[in-house]
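Notes to accompany the following structure.
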């Protein structure tokens, strides 16, 4: 449990800074520090057990199905890293309290820092690689926030994005690698994986897994060729650089390589990839560091170089080299963090970090100078400081490693060390030695204790470890290295390995060479400046910006808002997929006898097909197109009728006429002509696409019609039960109001919604200034002076009641004969529309006693209540019943509750159509035009 | 000659005539040269064609002892509406200048309604 | 028997009429003519529907004829109103 | 007869698709209307073709399959509602943008607040 | 319990009707009614989940007609889950709509929302193929109204395309259903499942065409490439809160595909075999890439969110396409996650949109008000949608990757490369909108306006966190659900087919 | 009574119509017809504000028969013109028919009659409503057409309505 708590504490604590900042900056820092200290304390409680060689474990089931569990374990390696993270974290918190200015949002900073800290602790304590991945990505995210903390700096924003892109991307690769590993072993538990070296290394998937995992590690640890992001991350505040980019996050990659070392290392692939990457990184980054003027950039490349060194050591795959790697991790953390903080102090005090503008700080900032001397000499590998110890051991290992040739590794390592000496000395010499200047941007002096305490402590460690390594560090190296190698390690660290140790001479060569290089700096710098070299940021931008631009052009090119193209692709996809599916099945031509062609049908058919075919040729005159569409629609009705579907004919007809009215209303607002815009090839293409669709659908229709259904259709039940079960002889109607009344319920709601949408949009349009301007500016055609011809008005007075009568008749007989609430509603609606057309909207509407909205609402309500009613009898929604009633003196008649539902249908349809067309006609009332107050315009009776 | 045969012959004659009229109506649409003239043909001839069919439909049931009355309704409806359709088409022709242009005077001092000004609302 | 021949003749006439209508629909010199043609077609189709009802010996299709009449009328008036006033419901 | 109907359905589909591929809202809407005619017929013929067999119980058998007829009824109504909605949207689009092109330009994207 | 199955349909319909009759123009009463209904829906959803977990599949025979002759609703674990997701999202969206006053920008927002809920709920619950079409239409037409809510040239014009494309989709749906009925003579999904194994050999080609057409309809809803073109314009131009609600609408495509692929056209069906998988999987992979590329290349924040939505649909369809219990469980988890995540992203995008001069990501705009709060929400939503830890997207991604270990090289690389592109795109956009903007124009400390809108957004993200923390029990439940989908016997049995013979 | 039956003739017409529709002579149908005949005019009376006076309802029936006969005759005449009159020999003419009628119902009826009968068609009305514009398909003498209309139809309608 306590391991989980250690990992969780920083996350829980991340809530504190935001709250505590109200109590002041010190309180905020104290709270943050307390959280870290508590975690460190808890870790320390576990340390004795680990030092005894035990492995402390905590397991909380989280997602057992996937094998992702909150499983933690603490061994030597974990202890080392967790200690570093929390320990240095504590120092950074202290340092940051004094480093951040008053204008910086400190609460945010500490929150991000604690999130990061938690993620790092999580990585090093995870006993589950999926859990580890989670923490891994969390470090990328939290570091993104930390690097971009100073969001006003463009470098900060870009650096943050670059870091996220590289480390996040590597993390994604690592996900794949880890999953492969888990699949090979059959478990995502690290402890299980670590026991399966042979299984893993024998697997075909070993190399892919290795490469993917190393991608994660290399990106995080800024190994060549992914080293370029780290210097750009230096735009972050110095505490961030010191913490993330020297002590912790960049070491996560190393940690991972160390962690996986027992199962991944020891193969030629591992050796070649890891040690080569490390070696190249070490040498190249050291060289670059030498020429950097920005203190933090110099330190950043130096960090890259040292990480390369450690990577290289891990790559050797030997127990001894791994042990040295562990030792150097400790040492590097101490001197590099101290140096970063010192650089921050210089920046803080002198307001510059540029080596060209510094120099002579030795006397102005003696304390800082002292710290820098110790740390930079350690970095240079000068005895007896701790950096010397591990570098010596490294050179020894390098000298005994064959890489291409027996001596190449040793030589390159020495060259790397030489550069390392050179930049360390340059840091010291160009920054602190030399004459005192009078042109610092700000007069520097030593900072207060709060700011130098942390680097001071680290510098002390540099010395102490350097002097008495066996007493101070060896135990930690032992447990950690044992954990890495899986074998008991008892390291022996000494300052003197004898005259025959190659490392001695390599070391001397490095120091000598470094001094010479520092002396020759101006000339070397001139050569360096003269050499063209790729700039990381430009390369990164050169990849990412074109990628983004490409994405943009692909995306916008693909989704360019063109409707026709999207439709063409859809049609082709559908046709292609359908053909492919058809081709993959077997098809027997149908054997159902076909109907003879009857003359009436043939005529209707021919007229309809011809009218349809002509439409594309005549469609530019929109009224003509509409008339032709109307012809086709009207002729479908008799087709339905001829093929035994009178109900459909009724519905089709009444819907068609309302549609025509609607389209005419719409055409009033729209242009009357469609301009010629498409080219002939395009029209041919469209015709081709249309042809494909037509042939496909026609073919399917033919194939379907010429065969019988494979199984007894369910409609046999409907036919059989229409009369006895649903009490109606019109099977279509009983399906609509009873068997499948629920469909109808949905359908009337669709219609109701349509009307509401039309109402809402037309109201929005009427409130829109642009729309009103355009409406007022609509060109007016020559218009008849007779708005409401008297004859129409008079005939409507008769037609309206007549049509209503017909509507009621159709409604009542629907259950038994063609008709029903739907058609009745349409007939009523058409009758009302006739009235509206005859006498105009205002005159007619003023005399309307009920509201269209209410009609829709009542329709839905009545239909719903017809559905809900049966609940009270314990029956399901929409259950209907019917009864034959005999009331003297009337003949026996049938009362069906389905009629109530049908009434709802009727009302909803009526309301919907009236509301829709009324909304459209409201829009047509031009601004400034008075309402008509008479039924007709003729001056009657004069 | 039985009553049934007489009825059948009668109905056949009506249908025959109705067919002719319907055809004449549609033919007139093509043959007559001026738009206003064309308006005459279908409004009358075609209507009579339908009327014939409706009459036959109504009487056809007579042989089975009952008369269907719904046809009467349709006929009534057609008679009620055909003049209004014709009026509207004529008005359209007049407004668009497609009718013969030399309209006579109304004799009332006011223009024809279609060509007049909108009557302002009070 | 005779009636069915008569019916055949009737249907044939309507068919011919409809084809003439179609021809007119495409070649009409004015849009008003197209409306007139449409109106004529509607009436012709009503005749066809009624004839089919006679042939089928059922009154089931009369409502279709009623609705056709209503539809044709409202459609014609609406098209004309559109040409006369622009807005069909003012 | 089946062949004729199949041809009609195919023709309506093709005309519908062709019109839907035009560049202005009005022809597109007409195209969608044609498409819905085709769909309704297609759905209707899934009950196969029958002559003089309206599914009214009590009239002489056989009866046409009533289910597809009921389904087509639903489909007709729904497509009417949809047509009405897209029509008002076409009007709204024209009145607020000043043109009735159906394609969107990248530039105008997202100006709506 | 049984009548409660209809409640997700009947309740909103009834309330919408009452609103239209009695509460027109009374926004505050409408808000109260909406919230009360949605809270009730949440309660019903919990009850349905509970019932489905305890009792398994249950059918509701509408009109008391036996299946397959009447229409049935079928409550099973999957439909209960989807209804619950819908109810939750509705709550969040409604709170946001009220908090941001989106609902005051035009008429009938609340009735349309109610109808939308009715439509989606009905689509999830129905056991009848044609009824699925009807409820698709209900939800679509309500969505049309909501999409153009508030008006404006771009929105309305985008709406036209949305409607037009979906009308083509509806046509396709009907073609497919007609073919299905024409070949089999039935519409009940369980009945289809029962009958299809004995389909005569000579009919299989037509059935396969019907199956493919049906799946492509769902693919349109789910924005699967190459049927995704409608989505960016639609979502980017929708009111943010509506776009958030749309997050569940795309999932209907996924749901229906899953239902069809497990119940009606399982791989064991000789006629179709691996047809669905072969069709969907390549498309899903391309969809994922197209979405991810779009996230990187989007030129406005709402468009970015739209492409993120496309990518999430690609992932969901990918997971669905294998139709194994393990992948299905992963798909379900991912659907839960991505619905909430996409919704959250749209809400954040809307928070930005409504506080900003312009939306282009190609140039900087002045800082937005309350940017600190909004940027934190954006960060969380971006983390969620990109599938980064600690939010549930990462777990969803892991589940899917793990489930696809057999097809690792292709599937994994597409998923991971897409994640990478999305991370790049989201970081880029966030940096531009929040960091760069406030660098130009640092935002003053100001009190939180529209607290309800923020709370709603925060709630979505909190749910994602809950989804993460409770991943174990949830995936356990989902695995049981996936297993029950893989063996639809209980679903079919609930329909009591043949009881009416 | 007037409030319950705003248009008694309409009520009667509707009752007859209902029987035309239902095609059966049952008590139930009559009850229904009476209900609808009462309710529908009430629903629609707002759009028919003034009640037309019909002085001689039986003359109206006689008038209807006359018109029907004329319609049939008209069709033969039109058919002859369409089929057999050479296109350039068709002498179409406009005719102005000044009105003596005042009731809108009566005027409309006259206009309808003109359209349905021999070779004439009501094309418009004067803005004041005092004259009809009639188009005659083949009328060498327009004045005769006008006089015929006035004598044969308008005078009868005048007697019926005014």
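Remarks
Each chain carries a letter (A, B, C, D, E and F) given by its place in the written order, and its residues are counted from 1.
Just so we're on the same page, contacts are C-beta pairs under 8 Å (C-beta built on N, C-alpha and C of every residue); 3 or more make two chains touch, one makes a residue touch a chain.
Keep in mind it's a predicted model, so treat the numbers as computed, not measured.
Chains that touch both subunit A and subunit C are the following: B, D. Contacts with subunit A and subunit B are shared by C, F.
Among the remaining chains, F is positioned farthest from subunit E, on the basis of C-alpha centroids. The interface holding more C-beta pairs in contact, when A-D is weighed against D-E, is A-D. Of all chains displayed, E has the C-alpha centre closest to the centre of the whole protein C-alpha set. Comparing the centres of all chains, each the average of its CA atoms, the largest separation from subunit A belongs to F. Centre-to-centre spacing of subunit B and subunit D amounts to 32 Å, using the average Cα coordinate of each chain. Centre-to-centre spacing of subunit B and subunit C amounts to 11 Å, using the average Cα coordinate of each chain.
Mean C-alpha positions place subunit C and subunit F at a centre distance of 22 Å.
Within subunit B, the positions touching two or more other chains are listed as 20, 25, 27, 39, 47, 68, 70, 73, 77, 80-81, 83-84, 87-88, 91, 93, 95-96, 111, 113-114, 116-117, 119.
Counting partner chains per residue, subunit A has residues 556, 561, 563, 567, 642, 646, 667, 697, 700, 704-705, 713-715, 718, 740, 743, 747, 750, 753-754, 757, 761, 764-765, 768, 770, 783-787, 789, 791-792, 795, 798, 802, 806, 817-818, 920, 932, 937-939 touching two or more of them. Chain contacts: subunit E has residues 130, 134, 137, 141, 144-145, 148, 150-151, 153, 156, 161, 164, 168, 175, 178-179, 181-182, 187, 233, 299 touching two or more partner chains. Contact between chains, per the stated criterion, is found for A-B, A-C, A-D, A-E, A-F, B-C, B-F, C-D, D-E.
Only residues 52, 54, 56, 59 of subunit D touch subunit C when the two sit together in their complex.
Those residues of subunit A that touch subunit B in the shared complex are 782-787, 789, 791-792, 795, 798-799, 802, 806, 930-934, 937-939. Per the touch definition, subunit D reaches subunit A in the complex via residues 1-30, 33-34, 37-38, 40-42, 44-58, 63-74, 76-78, 80-85, 87-92, 94-96, 98, 100, 102-106, 109.
Listing the residues of subunit F that touch subunit A in their complex gives 10, 13-14, 17-18, 21-22, 26-28, 31-32, 36, 40-41, 43-44, 46-49, 102, 104-105, 107-108, 111-112, 122, 124-125, 127-130.
For subunit A in complex with subunit F, the residues that touch the partner chain are 785-786, 789-791, 793-798, 800-802, 804-806, 808-809, 812, 835, 839, 844, 847-849, 889-891, 893, 935-942.
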